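Chains: A, B and C, in written order; residue numbering restarts at 1 for each.
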């Protein structure tokens, strides 16, 4: 692991003909009369990490929230266009947003564990789904905490309040909580922005490992993070998708001048 | 032409000196004085009541019934009645008010309906207590009560009386529900305290951080599941505080119960035995109550000098009761607000 | 593993660093997430239950609206029924034979006069509301005056001047005062304060409007103080800072900046206090003497609208003239306090909108 120089990238293995997990076409989003997303079309591939980057206010968080219909909760919010999850339009008539959210999980910027025990936090989604059997719950909780790289640290104090943990640990509880329901896609809205570098590194390692079982979409304002973590990167600006492609290509050879300007820090 | 310099050169400006702000000091003292005056009145009041009532309050006083035309004995029935009525009141008002508060905060948003409900709550809070009394008589006793009686018919009425084990002969008189009884007094009081419960519930719910709701919804919970499993557990303390404050308010109000069920002297307690087995409070009976007792003793007793000790004694008990409840409610609210400030 | 980095090695510029978890992805035998094949997006049963719960909660929410509506309806239904038997003019006054003494002739002559009297229980019942209104105002106005002045001072003290420690003690104390049952305040007024006042003022009536007003003030002061404090605390901090920055003292800031900014809230507090004073029942019932007179003398015995209802409702027969008249008094009272509450609310709403800069 040591001895790698700065010019080498630990890129992902060449994707094996990944399928599209989420296909977005012509997505417009409005808050009242203000249009915040303009005609977004993109494919999010399965088992890949896709990063959304761009300056503040460019719509990337809004876009993320459209993928699990959390945007519905904002009064006055409206979308048009298609978002296909495994081929099914989540905005079709009759679709229950609650069901969508069971398949597309979310981790928030500021960790928000419930004021309950660690165990109850992670088990929350499972209990919602009707899992009552204690041993089944324990098994799934352990599994999720292991996936979130937190098991060893908390396995002896599952019944303690989640609020007693450090910031980074709390965020990993939230990740475990989201993973427990086995979603197909995990959305992360700047998951490490409120954390110190050590905790951030842990989260980034986690994301890398989760890739094999989940599809991940991560919003980040930290370009280095995107470069470290993501297989694909999409650059947003003022509600439009400017460019999207394999991370390496975006950061080393962007097609769009605007993208290049942002990457090289000329603005934003 | 030279301008004639006939003015003396301007003096250097004096450094501003800070003379003491006399008017400010006076006004501040006035404000402080007013506050301590009010506080002093409170202390004086309580002291006075305690001094005159302490001698009267004894174990016997609290546990025995009044005798000799209210000039001696105890006030146990009034204590019992007060507890009974406030419990019945809270049973009626708490679920209704809490669910209303939940609706307002978690479901209604800022729409027209929410504004209408809030306006109604505000107005309800401003209704004079005697108007509640009128409402209790005109609506509960005479409208609802009489209609229930009519609907039950003689058979229904005597059936209920049988079940309760009270032989009131309501089958013949035709009046069981259509008269002043505890049930209607409790309902009237419930209307009065409903705004308190709704407002404290709203406060308690709003204090729960929105991020918790977001996290729950993002995990695929429905709105009700989120409320039930995430929001309510955190808001419980606040709602409880509202309940305690309402009980205190209900115990102290007299006007709403003047004509809806209260009595000055009853030979027996308002109890019954359901099916002859389960002892319970009988909501279809009249009851004695502390604040009503004080009112009658003070204004209508035949020998007010002789009953004066009882007046003070009863007053002391009522003050102690409401005081303790209020204090608990205020303390709880303080603790609960502090705890939530730490969380968010 | 050497990877070719083509073209611009800008990777270095961005500081693409170090390896993350270079170990192969954890090889656990965990099953992949559930296949998304079976799509039951629309869960009928659950949606129905959610809707039912929402409707249930809505019903509870509407209870308050229902109750206030019912109060309105019943009050006016029974109150307006009074007009079946009573002429509207009678609520102002009625014709009565009053004996007037003519000193020159040394005789009593019966003259028919328009008398403003409330006397429902008599051969010719009279239902003039004017003595009752007089009584209510004669108690409520002085009470509001006293309470607004003192309440304002207390509110200013609590919001702006008091040290935190003092405030934490004083505020609950004021709230506890508000929590004392009004019947007890009435009792104390009746038993102790009335005699005290009489020994000072040598008034003819021991129980009079002034004693009542004192008692009512005790109840209203906490209301005004608390609302004033809220109004003052709602004034944004930057305003105070600006004033201090210009060299003003604390009192100058309070009196010239904060209080003027909160003036609508304070006015609303006063209006609400007045409404509350009008609606107070037990204190006036016990301490004002209950003589239905029209007078401007604050040391006279008076009877308020509230006391009238409380005193007479127990003795009326349902459906009788007096019964409906009492409901009419109640309806009038309700309307008046409703108007005052509404005004106060409008003022507060306007103030909130303005302060939301």
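Here, a contact is a pair of C-beta atoms (placed from the backbone, for glycine too) under 8 Å apart; a residue touches a chain by one contact, two chains touch by 3 or more.
No experiment lies behind these values; they were computed from the predicted model shown.
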Quiz prompt | Reference chain B; chain at largest CA-centroid distance | solution = A
Practice problem: Skim through the chains and flag the pair connected by the most C-beta pairs in contact. | Solution: B-C
Practice problem: Could you put a whole-Å number on the gap between the CA centroids of chain A and chain B? | Solution: 50
Quiz item: What is the distance, in whole Å, between the centres of chain A and chain C, each centre taken as the mean of its C-alpha atoms?
Solution: 50
Practice problem: Report, in whole Å, the distance between the mean C-alpha point of chain B and the mean C-alpha point of chain C. | Solution: 14
Quiz item: So which stretches of chain B touch two or more other chains?
Solution: 222
Practice problem: For chain A, write out the residues touching at least two other chains, lowest number first. | Solution: 98-99, 103
Practice problem: Indicate the residues of chain C shared as contacts by at least two other chains. | Solution: 46
Quiz item: Can you list the chain A residues touching chain B in their complex?
Solution: 68, 70, 73, 75, 98-99, 101-103, 105-106, 108, 110, 112-116, 124-125, 127-129, 163, 174, 177-178, 181
Quiz prompt | chain C to chain B touching residues, read off their complex | solution = 46, 50, 53-54, 56-58, 60-65, 67-71, 74-75, 78, 150, 153-154, 156-158, 161-162, 170, 172-177, 179-188, 190-192, 218, 221-222, 225, 249-252, 255, 272, 275-276, 278-282, 285-286, 306, 309-310, 313-314, 318, 326-327, 330, 333-334, 337-338, 340-342, 345
Quiz item: Hey, which residues of chain B end up touching chain A in the complex?
Solution: 109-110, 209, 211-212, 214-222, 225, 229-230, 233-234, 343
Practice problem: Name, in rising order, each residue of chain B that touches chain C in their complex. | Solution: 21, 23-25, 27-28, 30-35, 37-39, 41-42, 45, 48-49, 95-96, 99-100, 102-104, 106-108, 113, 116-117, 119-124, 126-135, 137-139, 142-143, 191, 194-195, 198, 222-224, 248-249, 251-255, 258-259, 291-292, 294-295, 298-299, 308, 311, 315, 318-319, 322-323, 326-327, 330
